[in-house]
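Note that subunit A is present in both complexes that follow, paired respectively with subunit B and with subunit C.
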Partner chain A sequence: MTPRSLSGAGKPLLELRGVAKHYGEGARRASVLSDVSLSIAEGEFVAVVGFSGTGKTTLVNLLAGLTTPDAGEVSLRGEPMRGPGPDRGFVFQSYALLPWMTVLENVRLAVDAVWGRRSRGERELRAREIVALVGLSHASEKRPRELSGGMRQRVALARALAQDPAILLLDEPLGALDALTRANLQRQLAGIALRQRKTVVLVTNDIDEALLLADRVVPLEPGASPGVGSRIRASFSVALPRPRDRTALNHDIEFRKLRNELTSHLLALAARRRAARPTDVPPLPPLEPRLRNAGLPRLVAR
Partner chain B sequence: MTRHLEIARLGKSFATPRGAFVAVEGFDLNLSDGEFVALIGHSGCGKSTVLSMVAGLTEPTTGGIALAGREIDGPGPDRGVVFQSPALLPWLSVLENVLLGVDQVFAHGTPAERRAIAEHHLHGVGLDLGDMLAKLPREISQGERQRVGIARALALAPKLLLLDEPFGMLDSLTRLELQDMLTALLARTRTTALMVTHDVDEALFLADRIAMMTKGPRARIGALVDVHLPRPRVREAVLEHPDYYGLREELISFLEHQDATPEARAERGLAVAEEIPGATPASQ
Partner chain C sequence: MALKERIVRGLEMCGLDVVVPFVRLAAREEPAEQGRQIALSLGAPAVAFALFLLAWGAVAARLETSIGAVPGPAQVVAAARGLAAEHRAERAREAEFMLRMQERKAKAIESGRLWKERHYSGSPTYLDQIATSLRTVFAGFVIASLIAIPLGILCGTSATVYAAVNPLIQLFRPVSPLAWLPIVMIVVSATYTSADPWFEKSFVSSAITVALCSLWPTLVNTAVGVAAIDKDHLNVARVLRLPFTTRVRKIVIPASLPYIFTGLRLSLGVGWMVLIAAEMLAQNPGLGKFVWDMFQNGSPETLARIAVAVFTIGGIGFALDRCMIALQRLASRDAAIA
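And now, the complex of A and B:
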């Protein structure tokens, strides 16, 4: 199978044009995004990667309509963004499940919100289908506290899918999981995006995750100097055939090339950020450590 | 080969109501001076138990450990330890956190000399001495805290640096940055290091040899891999090295093999009905 979209060439479904956003005022003013432009085509899977503190969450909140820009425009299907809506499902890093409800009830809540006019039986069936889709049928009567982190994350994903949104906004949804659970959920996410033709924006700091899932990887680059927010300057098309298999990719020349390019690109950004550091190293005095007299340090509170 | 660190027939059992639980058994490993060895394995396989015994924080049940020809008996400043959580004292500034140990180990130096040692190492881990020294741990980022933790360990001029998943709590990009910093730093100090990690790329980037641990109980070294990638390690060169992906695959298949047992899968909550139809098949 060929990638669905390479460079956002289709009609943009979601678009940011010259968007800027800051928080705080006066001395505490912090610019998060400066002049960010990004077009996301229908059916496209875009991964936004960047270092922590570069404004990735702000970017997703703008796309979700949960926050508004200071300058520039956010548009959805060519119209100005008017706030959150059921056409966009979110998954956050913190699962945000209702603790007193079972897995099925958490998902039912979302089904009821968008399928309110259908019969009770139809809604129940739909909720069960989605719980099965994320592989949690065996745990559908459990409450969040009885589940592992990975299972909770799957419930959050099921809840977002239950709305049947055209757009999925995923803010580091797998960040809190161990490597194996993460790989497993990545496979499921790839399968869902591929079969249901969703438009997906995935925020991640994991290069492999981005390359495994996305049609396009967009680094969110920290501002060149303090007071300047992050920008988007580069875009990496991921023209790897789907479905993508982690082990097979390891042999793929194109994958290796992209992985190396993206890693180097991101590390160069980090190096630039540290380049301004003064270089006068205090010399090391010629002292040998003495171990014998070194007992436990005395701790004195300041 | 000079044996700087010798770990021989190391074992650790814990008493449980159902009898002894043998976490580690028959663990042998020697490190030469200046060598970097990474210990990889799944969580819970006992790699941190091994590190903790080398640190002197846990007493071995069987076998022994010698550093520079002397048997280890409890913790000491000849071994610097960096944990996953930086464990800085929250009421002390960055400088004071580093000075705490420096003042003990270099008590025979002048205060100015001790401060120079602390500043030298804080600079070495890539921190800006200007505004960083007086900050409290809560005022700096997680990546910066971990840099302070590494500076604190190296400032005591240890014979051995022990790293227990030091970058495990950081986002994967900050992780890359700190790996770059650590490899450059150790190339200068030539400190012998033993690092626990479950990140295959991290192990390959930093280590001279990688010891792969079997799944516990009775965990031991299942295989040792030499990493011949040229030094100094530069990210682009490492990733483009013709052997890189071959080595990577060797490690991944070892780990996946360790994880493929039904018990291992059950333990991780990977149920039978895990895969959904149409999804990419499991890569095993």
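And now, the complex of A and C:
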């Protein structure tokens, strides 16, 4: 599997064309994305990988409509994107659960927003179904602070699923979890994505996670020089059969080849970036104090 | 065991941390440690209070004024008893009057004469004055909250509104109630003209003055609280496209509740302090008027009775603050970031 054309198969559901984004102005201007193009087909599971600070969160915020690009275009079903909406479920990196609500109430918030016209009973039932789907029925009356990290993550996922979105946007959803919980949730996520046939964009810094879950892995490449933001130039298709088993994959030749390719690609990018910025560490000032009068004691610097 | 912990948590929630060591002592939990806690939280204040009483008694005996010696603690306690006795006597007179009126009414109806209802017109007792003061401060506090919380939410949501309103807040915040009151009184007597008013004019002016002086802490705290809401929580509302009212009800208010209650607590404290001055000037029945009346009549009991009022005002202010702390803790309970 070598890098291939940027567009996935089929008609694009979500598309970024030549998108650029920066924060700050003047001397503090920091370019995050320069000229990013990416198109995501209906039903596709795309993983965006990259080092921290490459603008992964900005990218997924753009796809959600939470931020607007400085240049370029974001389109949804061929139309220009107009703000966020319930058709795009978002799982925040911080989970963003509302601490004053129980698990069920957090999910109800999304159900009520989308099914406002249905009866109370129907909405209640729907919320309970979603909570059961992520295996949290036993904790539905608990508040987020009473839950473990993995359970909170599942509530966040449940809230996003409760919107019944066409597209699921996941911003490093498993980043803050321990390895065991993480593996467990990856399995659940794969199951839900497979059953519900949703279009998913997963942002992650874990290559194994990306290969385990995605149809296509897209590395977000940091800009070659400090003034240039990240861009997307390559795309790796993952044609491994589903359902994928983590343990079995570790012995799969195809998987290992892909992982090696992807890892060396990312490492090459990192090396190139280091080469472009040889003086990341500012030069230290001379340690010897400059003395105007030689008669002064040596320790008194000017 | 679980019961004990629940009691302890309940007490802490109500700001009654002082009682906690007694509960633990009753459960035989580290008696030595609890003893130390009790000595610290009750013993030390008791000693300080005793020293205060001694110093007060010693100084008071030496101070002679035009209306007699400054009262010591004993005279003040006697004055408090006197006020309580007056209250009971007044109530007894009222009951007697009502009974007499009922008899007369029965007789009048019996003999077919026209009967005109008459009200008892005794003077308000000290306890009546306290009740009036509490009613007034709550009325003012409710008015202040109804203005300050919505305005605070608006200021916190929009940086433009906050920038626009902030100079006005800074300008009016330090104004003394004594400056507001004349304006409020004149405006109230000009606009509040009803043949059968629900409230006394003096009550309305005092309440509005209290509101004008006490709304600022709530306004500023609400604005700060709303501005500090986690951006991701607001993004949840954006993703779900929640309508404005739902967003305020489900996200903005719960998220800023701890700040709002901090503001409300400060506001109630300011309001109570302002109230006494307002009542004094507006001649609204209440503790302020009581103090003023005592000052005017200059009897030998004057100073002792004013001292009773001082302790009452302090005690009620303290109690109100405790109540607000309890509410504040209750409001902050769920707001821990998760």
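Operating definition for what follows: the second predicted complex is superposed on the first by the 268 of 302 C-alpha atoms of A that agree within 3 Å, B and C clash if a C-alpha of one lies under 4 Å from a C-alpha of the other, contacts with A are read in each partner's own complex, and residues count from 1 in each chain.
Rule of thumb we're sticking to: contacts are C-beta pairs under 8 Å (C-beta built on N, C-alpha and C of every residue); 3 or more make two chains touch, one makes a residue touch a chain.
Keep in mind that this is a model prediction, so the values were computed, not measured.
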Subunit B versus subunit C as contact partner of A:145, first or second or both or neither: second
Of subunit B and subunit C, the chain that contacts the larger number of subunit A residues: B
Touching partner for A:163 - first (subunit B), second (subunit C), both, neither: second
First (subunit B), second (subunit C), both or neither touched by A:90: second
Touched partner set for A:68, first subunit B, second subunit C, both or neither: neither
Subunit C contact footprint on subunit A (complex, rising order): 64, 66, 83-86, 88-90, 92, 94-101, 109-110, 113-114, 143-145, 147, 152, 159, 163
Contact footprint of subunit A on subunit C as seen in their complex: 230, 232-233, 235-236, 238-242, 246, 250-251, 254-255, 257, 334-338
Residues of subunit A that touch subunit B when the two form their complex: 49-53, 132-135, 137-138, 148, 150-151, 175, 178-181, 184, 187-188, 190-192, 194-195, 205-207, 243-248, 250-251, 256, 259-260, 263-264, 266-267, 270, 274, 277-278, 281-285, 287-291, 293-295, 297, 299, 301-302
Residues of subunit B that touch subunit A when the two form their complex: 43, 76-78, 89, 91-92, 96, 100-101, 103-109, 113, 116-117, 119-120, 123-124, 126, 128-130, 141-143, 156-157, 171-174, 176-177, 180, 198-199, 235-236, 239-240, 245, 248-249, 252, 259, 268-271, 273-276, 278-283
